């Protein structure tokens, strides 16, 4: 097959931009699964919820979706805190999190997705913003703004989170709770409260990731399911608990998906992520940068 | 009771079921019954890996669809085989297809298990999700078996000496259900079952006690996968036209988890109860509500069950109390309360015939209000959702008043804290 | 004579933290070894490496003349290496008696030689429960046991595997003086029947009365190895326990 340099370079560039976005989608799971060891497979459900809320705000009030998401993030934070509290009170306290905790999140994923279907229907929804449409040209490379802006926002989000986790007291307490809960208790910090804050933070990121998603592509409720595999593939590939690892893993996946899509057709895209996941789990489960 | 005796009893019950179904005189019983039987097999199969061994499989649809598509492939590859049962030539007899489906799904289960079971249970669960999507993508892109356009499997109208073809399929599925139950029960009572339980309770301690955990987990995955593949093999003949979206339908993943959890995961009876109850409910409801609302109900039942009645119906019957104290946490009370209002709202918008399904969720709300009310000393709290339920039964229910009643209940339930500190011991 | 257990230069790291640093240990058949050290010194990590729950990065573990590297925990248990867990890990959904059936069915019956019949298993279960002081509690559930009873169950479960070498990890925490004496007497009786025992304990009275040899672990390193009276008077050991 003829591989033109032009096509390849653009596929790579698109892959990088896509990867940046994927990192924003995944960073919440890096926190909840990588650091807190909670398998929140409902994460994509929250992202789609975020997309739809951004959609409503954008179509009813005309506000830019990303700005709306940042404003709404605290509401998602509260929701995350609520969900964690339920998870803790019902499962974690009793050590039942493996079977029942998983089933709980699975149920939540379905409830969220189907409720959205019932409210909004299965039509694709999209938002309107000044950067959806135009692109900038750098030499051979064509960078659509609707991919570039989300990528930049994603990088900013991850940078902010990494700073928070490594520099602030609360952030370091979160990293600590993953490693030694007893020591944390002895320092008079409540592990449950710290975990709740961390989980709430991970759900808050879904508000922003959801807005980014609907900027990049039109959204319908069942799209969330494609992202389950991507999110966990990136998390595992990058190494659990490592935000820089998540970023690298996301870029890798984005590039591979983009190249596959360009040269073999988009219908193979879902298999790429999941294939990645299976291979990583089989070969190097600790990921590239894992602990 | 010895396994052989149990098997005989199952066969007798199955035969009686078949005869009773024929007496009804309406083929619809067979069509609906086939689906319920299918779920008995799927739920039982899931439970061997999930309930007995503690490893959650989110990709039941993958193994089911493998069996179904193996049938489609063989149907296309070997279209003409004559047997003396039927006049027209048709593909390999279904029992053979069932065995092939079992072997293929079993091998895939084994392979996937080998790749992922050395890691933690969470990774295995995620990998099963991945498997389902990868398989669906492959099959959607594989035009030999029809790809996304689908494949037709022509089935004969009648088969001697039984009669209508659907009755033959029903009989086959009955046999599979009996097989699944016998397998599950004999595992439960055997050394293998004890090993599974040890793995589920504490895998590290099981290893230290001499249990070869990897080997046993692989056995569980293989048996579970094989049974699911068997359930899938006759499916193309049942449905006539098979598309990836129907073979990999969400219903299979959700139901094969919901049914054992609602019925009770510790024994073979649990998935049976869950499959019969939930399966029949869905068959009845399928006429009156959309498939989305159906999935909503099942998803919500999973959430309710897992928090309120973690041991399922079986646990309730055995006298294990529900986790009543868990509503002491205001977050649990408010999330569960809010989330159970959703299906009531949507069921109201469906046909009137769907209303009875609401009762399930009114019952949950009443239970929540009762338990919470008792803990915070507001015993009248339970009256509010009861009133709401009564209101919803009238032909033209006052939605606003119902919403108000529920809102008051939620707020009132949250203003006070429980009077007695909740015991910290495990339920 | 060659040692029953030979630990040769075993190291284990967790990320940047060195839990075990080149541990050498030799245990003769029939010996009673005491293993002591402050919390966090690596005792449980060492046990995990010996028994296969964790894999050591360097060094080898040899048991009964065969190298254990690469063998899974259950294989090592079947070869005769049993341990109790420091924090009890019972099989919560099984009864106390069924907890003991697991090692009986999967270790004893998995070895070559005559298998126990169902009746023999029941008898053995009852015997083991009496041995540790849980007689007639077979039908109870682990969640109904006190912490102390759960430790006894841990010990019984390890014994059920009919080990050649038993590692008892803090089996006596929380017991009364009489109960401690009972368990020590039990372990000595088992030792006289031929089981080599490594006792990990903080209760010095028990360790001193039980051990023929004492090994001290501090911060992942072995700092003393010899007769209990001598080791106790070792200034480095004193420093580790009492501080400067």
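A few remarks follow.
Each chain carries a letter (A, B and C) given by its place in the written order, and its residues are counted from 1.
Following the convention adopted for this analysis, a contact is a pair of C-beta atoms (placed from the backbone, for glycine too) under 8 Å apart; a residue touches a chain by one contact, two chains touch by 3 or more.
All of these numbers come straight from a predicted model, not from anything done at the bench.
Taken pairwise by the contact criterion, the protein chains link up end to end in a single open path, with no chain closing the loop. If each chain is reduced to the average of its C-alpha atoms, the one that sits nearest the average of all protein C-alpha atoms is B. Taking A-B and B-C together, the chain pair joined by more C-beta contacts is A-B. Taking each chain's centre as the mean of its C-alpha atoms, chain B lies 43 Å from chain C.
With centres set at the average Cα position, the gap from chain A to chain B is 29 Å. Under the contact definition stated at the top, not a single residue of chain A touches 2 or more other chains. Within chain B, residues 426 each touch two or more of the remaining chains.
Residues of chain B that touch chain A in their complex: 50-51, 54, 56, 58, 112, 115-116, 119, 121-123, 125-127, 129-131, 133-134, 136-138, 140-141, 250, 254, 257, 261, 265, 292-293, 295-296, 298-303, 306-307, 310, 323, 326, 329, 331-332, 334-336, 339, 342, 346, 426-427.
Across the complex, chain C meets chain B through its residues 51-53, 72-75, 77-78, 82-83, 85, 89-94, 98, 101-103, 105-107, 110, 143, 157-158, 160-161. Taken together, the chain A residues at the contact with chain B in this complex read 33, 37, 39, 41, 82-83, 85-86, 89-90, 94, 96, 98-100, 102-104, 106-111, 114-115, 117-118, 225-226, 228-229, 232-233, 236, 267-268, 270-271, 274-275, 277-278, 281-282, 285.
By the touch criterion stated above, chain B contacts chain C in their complex at residues 191, 194-195, 197-198, 200-202, 204-214, 266, 425-426.
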